[in-house]
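Shared between the two complexes below is chain A, which has chain B as its partner in the first and chain C in the second.
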Partner chain A sequence: MAFLLRRAQAALFTIACVMLMLFMLVRSVPGDMASIMLGPRATPELRARIVAEMGLDQNIFVQLWLFLTRVVRGDFGEDIISRRPIIDIVAEVLPNTLILAGTALFLSLVFGILLGLIAAKSRGSWADSLLGLLSVAFVSTPSLVVSIVLLLLFSRALHWFPVAGVGDSGDMLDQLAHLVLPATALALGWIGYIARLVRAALLETLTEHHIRTLRAYGVPEWRIAGIYALRLALVPLVSILGIGLGDLIGSAVFAELIFARPGIGSLIFNSIAVRNYPVVQAAVLIIILIYILANLAVDLINSRLDPRIARAMREGRQA
Partner chain B sequence: MSVAVNNLSVDYRGHGPDLHAVRDVSFTIPPGRMLGLVGESGSGKSTVAFALMGLLQANARITSGDMQIGGRNYDLTKNATAPLRGRGLAMIFQDPLLSLNPVFTIGAHLTEILRVVAPREDAGRRRAMAEEALAKVKLTDPRRRLDQYPHELSGGMRQRVVIAMALLAKPVLLIADEPTTALDVTVEASVMREICALRDELNCSVLLITHSLGLVTKYCDDMAVLYAGEMLEQGPARAIQLRPGHPYSRLLLDCEVAIDQPRHEPAMANSFKVIGGELPDLRAPVSGCVFAARCDRAVADCAVTVPSAVRLDAEGRHSARCLRIGVS
Partner chain C sequence: MTARWFRILRDRNGRLGLLFMGLVLLLALSGLILGADPNRIDIPQRLAAPSFAHWLGTDNLGRDLTARISAGTRSALTLALLIVAASAFLGAVIGTAAGLFGRWLDWVVTAIFDTLSAFPALILAFSLVALYGTGRQTFVILAILIFMPQFGRLARSRAQALRHQSFVEAERLLGVHPLVIVLRHILPNIAGPLIVLAGMNIPVVITFEAGLSFLGLGVQPPASSLGTLIKDGFIYMSESWWPTIGAAGTLAFATLGSTLLAETFRDILDPKSATDAEGRA
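Moving on to the complex of A and B:
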């Protein structure tokens, strides 16, 4: 528990820093914000109204204070284009991105671990070499390219999957069909990466003495690799998943654009295009919050996987 | 029924010519008896142990040898004993700190063994059997131990857990590879007592691999002396201790420090006997007696003629391979 509190403190500090940086970033854009957002043909009256609404005429520290206190209450202000609360706009598309990134993460884990296990157990064979080649190819192809190839092949040429959108709300199958290609495009690189990582960690673990103990007592080889060695090999894997989720949400920007899916990524992209900075600010902050929460979860999962980490954490040592 | 190993030879492949680590080693262990296989580092004693288990490194090759166990004969060159692991063969390892998986509980280790040896029992029954085994090796509070992780136990306790694993496997042959080397001297006696208790309860044959003659003379019934991959002498432990047949055995016994030996005040004056020279290069073919170069009784003939086993007692249980036996 004490450990959780310490981690939560660190997370809160990180969030505070991030908010400060976001605030400064938006205000460091050359020119004044109202003119940038409204463009050159705005009337002076409209400009004055926006300045007053966003509090841009006030002292910078007052602005910061207002920004921070509002954000803590979940209030990101009102969107000047649609006149809706910004938090609603973000909340509306967030589930789409979470489902996309979550599915991609799931696919990466299932196939990455499976391929890693196969490669480790068939070390040195043609299967191992083939998997190695595939993994490197997956890792080195940007998800942007994969997205376009998948789209052209499976949607345009073969018509197996729909081209764009998220599917009808309420129709699970339709939504699933819309999810397959973007999730695969996002997952492919991580499948390759995880397969390599699991293979290396397994091969190292399989030479350890406790594995030899199990062999000496006739424990079947598939149980040794799939249960006893894998659990140790998962610790370094889980550690990178926190970063992985951040990367997946980042790559989701491209996938959402190419497959025309509403989501955080496309929201940020479109908002930047029309210089709607308050929305960018809110969306980026939400992504960073998810990222921080994911890394907190990673620590908790690892302490469940390896009791020695849990003990080190309890005793306040660096795990 | 005795466990017998016949004509075991193991090569290691590496750069250059093969290393002949074990050459033509044979021994027999009757049920309920413990054979101490002694030798210095590099003599090939652990290679013998892992060859019998079929757990040698990938660069090792068994070139000859078979093992009789449970009334059947197994060809070691074909790794025929691998299916016997956990079902007739069990092993206790050198470093108890490394021989248990750090992310699984003690109970998980023991019940995994029971999946192999008692596949028909349900999970609850297996847990009860595991607890019983821990109690038998005198681990305190066995029920709580089941849910503890290896890092929560001391080295001696962890070795007891491995002995409990062996107990559950009910082996015909138990191999203990330097089971006390990594432990405190104070823990050594209690761990050895548990191994002896296991031998007596299961009436199994035990092969104890060690470099400690003290351990062999104290706990073993029989003794075998391995040098540079060859068996130089074997027989009842007591007989070898009193009347070593081979000069190497005698020199080894001389190296042991007697506990009642008077101590000299300046520490440097406490001289220990050592055997001069080094192990021969096992990549090159050996001619004559393998120990000839370091032997204090060697004559010119020793470097040329391969000595055969000489019987040293009426029953034929004690024998040594030396040309100089009976020559004063």
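Moving on to the complex of A and C:
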């Protein structure tokens, strides 16, 4: 419990720092914020509205207080262009990105663990070296390149999958067909990374005492590797999942743009193009919130999976 | 040291990495040697497939893709080296200072590093680009800001551990100037892991630059970049695949080659870290 509290406290502190930094970033831009945001659209009325809404005419501490209290209530203000609440604009596209990143994470886990397990069990053989090389290639190839290659091969040349969009909103199968290529493109790097991680962790845990004991008791080898050793090998895996989700949501922008999927990445990208900073700020803040909360969840899952971590935390050692 | 370098050749992945990076370097330098102009427009020859005159074909304005990809590769490699070196240096200085002097400096530096690390790299880049705009100089500064914290955190924790080692305490009791201790004992002990981390970051920075430039948020034309080339090719994809394939393939070769080399280098320099780096608690 103390462990949980300490982690939550650290997460809250980071969130506060991130909000402070986003606030200071906006104010550190040289020049007049309202004109920068409006650019050629600037009219006296629009300018006055931005100044009033963002509190630009007030003391900096009042502005900070205004910003923080609004954000805590989930109020990111109104979009200057469409006049809709910004939170609605973000909430509209967020599910698309979460589904994409979630599917990619799922694919990475399934195939990553599978390949890692095969590599560890066939250690030193040609299959192990082949999987090793394949994993490095997966890890190092930018998802941008993978997206383009998949699009060219499977949509343009073979016509197996649709080229663009998220699919009809009522048609699950159509949506799934639209999801396959971008999710694969996004997942490939993490498949390679997880495969290497699982292989290394398995090779290490397979030499531990309690595994040797299991072997002495005559437990079948596939049960040892697939259940007992894998459970321990999952600990380093789970601890990177939080980072994984953040990275996937961040780099989803390439898959989203190349496969023309609406999502939070393409929303940020389009908003940068028209200098709509409040939307960028809101979207970025929401991504980081998800990222930090995912990391918090990961720590909790890990302390359940391996009691040694929670114990280490209690004893004040670094886990 | 030379013996260590030869060990790259003994490792299969190391040989492969050397081969890939050799090819990429050759391509990068070929533009300088052959002297083809990457900006010469030749509309009748637009979107040509590879031929003797244009080894990798031409783009939508008939410009020679070999020359353009060569220039883009040069820019990618230079930028990656510059950004990684600057991030490692600044991170080492700030991290060491925080680790050694402690107190409020350590607190502030750690809070800043933690806050910066709370952003996924691309998202931080987005929020900076949205405010400060694009351009080569802005890009280099924001990339250093994004990649520095990991070096800083590493330097800080190493410096903190070294600070209470008996050989450092002994020097301090002998009245050796703190700067001398830092230069003679702390930095050499931190350098190894920092160099390994720097190597591992080269492919990451190459990918990062290409990605941002693909989005039009990184290096701006007419300066060449693999990312911009991929984007230009992508626009004309329905007419010809060659512009995209050439630039994307080169990018993949460069990241794979530098990853293989950096990992071999890591294993040689610090065999134990091969398992440490996998994030075990």
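Methods note: the second predicted complex is superposed on the first by the 301 of 319 C-alpha atoms of A that agree within 3 Å, B and C clash if a C-alpha of one lies under 4 Å from a C-alpha of the other, contacts with A are read in each partner's own complex, and residues count from 1 in each chain.
Simple rule for what comes next: contacts are C-beta pairs under 8 Å (C-beta built on N, C-alpha and C of every residue); 3 or more make two chains touch, one makes a residue touch a chain.
Because the structure is predicted, anything quoted here is derived from the model rather than measured.
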Exercise for the section: Kindly say whether there is room for both chain B and chain C on chain A in the superposition, answering fit or clash. Expected result: fit
Practice task
Have a look at where A:253 lands relative to chain B and chain C in the superposition and call it first, second, both or neither.
Solution key: second
Problem - Greater residue coverage of chain A in the superposed arrangement, chain B or chain C - result: C
Exercise for the section: Figure out whether A:305 sits in contact with chain B (first) or chain C (second), or with both, or with neither. Expected result: first
Handout entry: Which of chain B and chain C A:216 touches, first, second, both or neither
Key = first
Exercise for the section: Report for A:291: first if it touches chain B alone, second if chain C alone, otherwise both or neither. Expected result: second
Practice task
Tell me which partner A:208 touches in the superposition: chain B (first), chain C (second), both or neither.
Solution key: first
Exercise for the section: Could you say whether A:133 touches chain B, chain C, both of them, or neither, answering first, second, both or neither? Expected result: second
Handout entry: After fitting on chain A: smallest Cα gap, chain B-chain C, Å
Key = 15
Exercise for the section: Identify the overlap between the chain B-contacting and the chain C-contacting residues of chain A. Expected result: 235, 306
Completion exercise
chain B partner, complex, touching residues on chain A are 208-219, 223, 228, 231-232, 235, 305-308, 311
Handout entry: Sites on chain B touched by chain A in the complex
Key = 53, 55, 83-87, 89-91, 93, 95, 98-104, 109, 112-113, 115-117, 149, 151, 162, 165, 169
Completion exercise
The answer for chain A against chain C in the complex is residues 14-15, 17-18, 21-22, 25-26, 28-29, 129, 132-133, 136-137, 139-142, 144-145, 148-149, 152, 156, 196-197, 200-201, 204, 235-236, 239-240, 246-247, 249-251, 253-254, 257-258, 268-269, 271-272, 275, 277, 280-281, 284, 287-288, 291-292, 302, 306, 309, 312, 319
Handout entry: Contacting residues of chain C [partner chain A, same complex]
Key = 12-13, 16, 111, 114-115, 118-123, 126-132, 203, 207, 210-211, 214-215, 217, 227, 230, 234, 237, 241, 244-245, 248-249, 251-252, 255-256, 258-260, 263, 274-275, 278-281
